[in-house]
Amino acid sequence: MSEILLQVEGLEAGYGDVQVLWGISLKVARGTMTTLLGANGAGKTTSLRAITGAMCPRGGKVVFAGEDVTWLPAHAKAARGLVLVPEGRQLFNNMSVEENLEMGAYSRRARQHFRQQLDHVYTMFPRLKERRNQKSGTFSGGEQQMLAIARGLMAMPEILIIDELSLGLAPVVVQQLAETLKGLKASGVTVLLVEQNLHLALALSDYAYVIAEGRPFLEGPSAEVAAKPEIRQAYLGL
Amino acid sequence: MWRRPFLWFIVAAALVYALYPYFTDDVGMRESLLLAAVYIILASNLNLMIGYAGYVNFGNIVFFGLGGYICLYLVTALHWHVIPAALTGGAAVSALALLFGLGILRLRGAFFALATIGVNQAIQQLVVNFEPWGGATGIYLSLDAYGPLGGPMQALWTTYLMIVAVTTASLLASYAIRHSKFGLGLLAIGQNEDAASVLGVPTPRYKAMVYSASAFLPAVAGGLYFFKSGIIEPSSAFNLQTSIEAIVMVMLGGSGTILGPALGAFLYEELRGFLLTAQSFSQFQLVIAGALLLLIVQFVPGGLLGWVHQRWPRTRRWLE
Amino acid sequence: MRKAFYLLAASMLFAASPAFAQDTITIGFTASQTGALNNDSTAQMRGIELWRDDVNGKGGIKVGGKSYNIKLVTYDDESQNTRVQQLYTRLITQDKAQFLISPYSSGLVATAAIISEQYGKVMITTGGALEKTYKLGNKNLFQLYTGSSQYLTGALQALKEKNPKPHIAFVYEDDPFSKAVVQAVRDTAKKRGDVVAADESYAGSTTDFSPVINKMISAKADALLGGGHYADGATLARQLHEQKAAVKWVTLLVAPDSQKFAELGDSAIGISVPSQWEPQAAFKPDFGPTVAAFTQAFTDKYKIAPAYHAAGGYAAGLILQHAIEKAGSTDPVQVAAQLNAMDVTTFFGRTKFSNDSKEHGLQVGHDMVLAQWQKKDGKLVKEVIWPKAAKTADALY
Amino acid sequence: MIGILASVIDGILIGAVYGLAAMGLTLIWGVMNVINLAHGAIVVVGMFVLYMLVSALGLPAYGAVPVMIVLGFVIGIGLYWIGVHRMIGRPELMSLLSTFALNMVLIGLGTAWWTTSPYNVQVNMPSVSWRGYTFTGTHITAAALAVVIAGLLYLLLYHTRIGKAVRAVATNREAAELCGIPTTQVLAMAFGLGVALAGVSGTLIATMFPFTVLSGEAYQLKSFVVTVLGGLGNPAGALMGGIALGLIEGLATPFMPVSWIPIVEFGLFVFCLIAFPRGIFSFTKA
């Protein structure tokens, strides 16, 4: 296995009096696509939020590119290339496509490659280029997801973490996005994917982690995990 | 409900409050307690809006001022006795609040708060231009008006006792509402209005009702207070500063609790009174009061009682 | 160390003990140390303090062969009447004030008067010209100033002298005092058939008068009578000048009397003010300082020439002192009796209180003058222009 | 007729300055959902900065404008950390109280320092006279500067990276943070910007009118009215709302006693709140 880019150890997090995560651990190797699976409420989104700094973890450790980044604020992690495409897209709805992309490249590191990255993203999503002066609030769900991924790419991610890629999108759109992800992986971007659609996730990824009730449940290469019967159990939340 | 020890506590405290200056014959103390009692009435009724229903009413003083105007008008122009005049003022203002409430309670959060400022300022200006109420000059009470109460000296004592009675009524009303279905509905509105509405709380009606209810006693108190002062002017009747200070008192004591606003009002008034009369502080009284408020908001957002309840959760049982 | 502390505490207790307090007469009042009325109220307070220093410097007030020092107790009323009653009660009950002087401005005076009446304390009112207050049945209130209805009478007469057919704009603050003043003069003007070109009241916090000024211009007013207190009056004067309003005669209440008004520079020229007192006055006092002595002492102490509020403050003390000395007692009833009987002239002018029970305490002896800012040798000075007998310069028109 | 026209022109001139004052309020409100009750006190700070710079240091009056922008920005960032930072994301009531406390402290310090007496800064500008009506130079200059500053603010918000970041934070703070925008700094900066705007409006007002430590309240109330007319967080709306308010004042004056104007103003304010809760001129924000 190649270099470990992101390593999470014993992550704990929660909201108020409720603890949600009870020691999540995972590793993502550079250049691979890893997926994090689990039933509704298993703690996938919370894991991602705690890893990227959108919320403050209560314990555990997040090491990124050899540096302990557990307690850094989200913007500092994003600046280092640990980038989250959040669930529900979270676009800047009253700003234009191009302004959204510009915001994606806010960090100093990303800013230097803004033009070049913009071209790259526009070639990847020609639809965005066509509508670059339109406000993102007027877009369809699929277009919004494209823009969200594009915005994430503008940050020059070392690792792109995508939360619920396919949520609420038509199958044909999901298929397009899946192609996009394959392309990304081929171009060397490391991806950590959280996805409801089990088959899609396992088909796309190299390695899979399954969590249940905030705890690690099983892990392994995606092909092996797909074959295990316990996976159903985890998904039904049993 | 009279089995509850807390109610007896309120009544006992009110008796002590009413009688202490009487037996010590400490008139200075009485003046200070009177002002505090008025603020307790304002804060306690405001708490019905802020603490229970979660609506910040910046213009709560408008009830007090209008009540005062109606009462003094009835006393001077129609020669009513002060008690029916104050009660009529209360009823009229309460009815008016119901009417207004149906309009501005459609607004939420900060927008509602701003609208209440607008209502207060608009009504103040209306009164300034309303000649039957003396316009900007206001209404001056002739000393004869104190005749029915046994002359000016005795009238002060009588109004003091009446104001303490209204204070007690405010606390009892706070208690009764808190422990009623109406109160539960209000708390639900305060937590999440949409959810409350879905669960069958008649939110528009409840909101208008609490707005109107929170107007009644302050308006009665306004009548008594301005009767005691002998003069009412638009600038002092509708003073926005006092209105905002009432919010500070609610927060200081703990919004949503029954005793908190009263405690906050009492402490705030005594502190301001002290700072104002202490020579070394009078220059900086506003700064000190402001800094204190800032610290409370930042570090003890639940107010005094909120903090006590958090620290010793059992106290919640006794005090509510 | 601790011992020293106790000693210190004990000595402080002694300092405040009644044995010491017996030789003083305590006089209480509130002043607007903050708030909108600060400027005028401060002048009044300075006058009172100067009087106290004068009296104490000369060994105090002599009552029945014994000398008493004056002790002043004062609180900040924040220019609002919310606290006035609490503070006056405190002055009477806690600070044991034997006599009271009023706060500044008619509204606060009316509020304080209820307390002084309830406790039967004599209160000399200065800076409370509104006559209504004295018609409510008070028995212990004594007004030093000429009442509000007289304020602009002189100005109207002086104006008619220059222009028999004036188009008058009344522009005034919507506070009790200014409204009462204007109401009185407006009635007089109407009776005499003068044209009322505009009649506008404004809030005391107003800073932008251009709407009113434009209205005056449209109505072709050539004279303005009105104003209110310092802040609004100064603003109005400045904007009249800046907007080159074609009014030839401007009389404003209160504001132009203050020496601070000279800061307005050219805007001040030609603005007149009804005044309770001016340093040019030539009264021969029955007792107390001469006009010159007062002016000198005040200027020495505060580095600013006194205007009528300051003189009023001093005179309040002086009149009270005179009544106490004549009564030979600090008993309020006897002092009140002396005040009722009083008809004297001090540096402040004549003082006589009405004994009519319908308007007890109303000032009936004092006269006002009309002063106007003029430029003399490149410097702004206030000249008395009315009544003719007292004038020091001709009116600008 | 000419009188009405003069009133209208006066109304527009003063309205532009109301708009500038409201811009500071609406920017802070829109970006961080904080209604800054210290707004009036900050307007007063701007007034006294003019007084000190002109009277004590002898600077030319309009030289105080850039000084105030910088100073206001610094003060604003300081106030943000003292009183606002902990209130972000908490219920509105908390930030209302917190900024009100800041207001008390500022007013209290000002009162202790300058008392509540009026101050006056004489600014000599040539004025324009027309058929007996005069429009003073200070009014015209203040209105012109207000429009220029509004324009600069627009450029900043829509054509610079940092301005776009402010808008991004206003729209979706969490997403902005995930994009690598240091949102806390951006909030502090936006607050500083809002304070600078309020302060500058105070400086300009002080060139026109005398002022006291307590003058701020009137402008704070007017700013509320303007914000409601112009819509939240929208600087262009604030300018238009301000001019609308000035126009209403100007148009109403010839037809009714001046003391009735506030009733019209506040009546309109409440009506607009109920009828157009998003503001009449609001184009943005769903």
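In this document, chain identifiers A, B, C and D correspond to the written order of the chains, with residue numbering beginning at 1 in each.
Definition applied: a residue touches a chain if its C-beta (ideal position, glycine included) is under 8 Å from a C-beta of that chain, and two chains touch if they have at least 3 such contacts.
Source: prediction; values computed, not measured.
Student: Just tell me the minimum hop count from chain A to chain B, counting one hop per pair of touching chains.
Tutor: Graph distance in the chain contact network comes out at 2.
Student: Based on which chains touch which, give the shortest step count from chain B to chain C.
Tutor: The fewest steps needed to get from chain B to chain C is 1.
Student: How far is the middle of chain C from the middle of chain D, if each middle is the mean of its Cα atoms, in Å?
Tutor: 37
Student: With chain centres taken as the means of their Cα atoms, state the distance from chain A to chain C in Å.
Tutor: Averaging C-alpha atoms per chain gives centres 76 Å apart.
Student: So how far apart, in whole Å, are chain A and chain D when each is placed at the average of its C-alpha atoms?
Tutor: For chain A versus chain D, the centre distance works out to 42 Å.
Student: Where the centres are mean C-alpha positions, what is the separation of chain B from chain D, in Å?
Tutor: Chain centroid spacing, chain B to chain D, equals 32 Å.
Student: Return the residues of chain B touching two or more other chains; collapse runs of consecutive numbers into ranges.
Tutor: Residues 128, 286.
Student: Multi-chain contacts only, two chains or more: what residues does chain C have there?
Tutor: Counting only residues that touch two or more other chains, chain C contributes 33-34, 174, 201, 203.
Student: Note the residues in chain D that touch 2 or more other chains, in rising order.
Tutor: In chain D, the residues touching two or more other chains are 111, 217, 257, 259, 262.
Student: Mind giving me all the chain pairs that touch?
Tutor: A-D, B-C, B-D, C-D
Student: Across the complex, what residues on chain B touch chain D?
Tutor: Within the complex, chain B touches chain D at residues 50, 56, 103-104, 106-107, 109-111, 113-115, 117-119, 121-122, 125-126, 128-129, 240, 244, 247-248, 251, 255, 283-291, 293-294, 297-298, 301.
Student: For chain D, which residues are in contact with chain C within the complex?
Tutor: Contact set of chain D toward chain C: 2-3, 6-7, 10-11, 14, 111, 115-118, 120, 122, 127, 129, 132-134, 136, 138-139, 205, 208-212, 214-215, 217-218, 249-250, 253-254, 257-259, 261-262.
Student: Any idea which chain C residues touch chain D in the complex?
Tutor: 33-36, 38-39, 42, 79, 174, 199-203, 205, 207-208, 210-212, 214-215, 217-218, 230-231, 234-235, 238-239, 242-246, 260, 263-265
Student: With touch defined as at the start, can you tell me which chain B residues reach chain C in the complex?
Tutor: 26-28, 30-32, 34-35, 128, 135-138, 140-144, 152-153, 156, 228-231, 233, 235-236, 239, 242, 273, 276-277, 282, 286
Student: Where on chain D does chain B make contact in their complex?
Tutor: 29, 33, 35, 37, 82-83, 86-87, 90, 92-94, 96-98, 100-109, 111-112, 217, 221, 224-225, 228, 257, 259-260, 262-263, 266-267, 269-270, 273-274, 277
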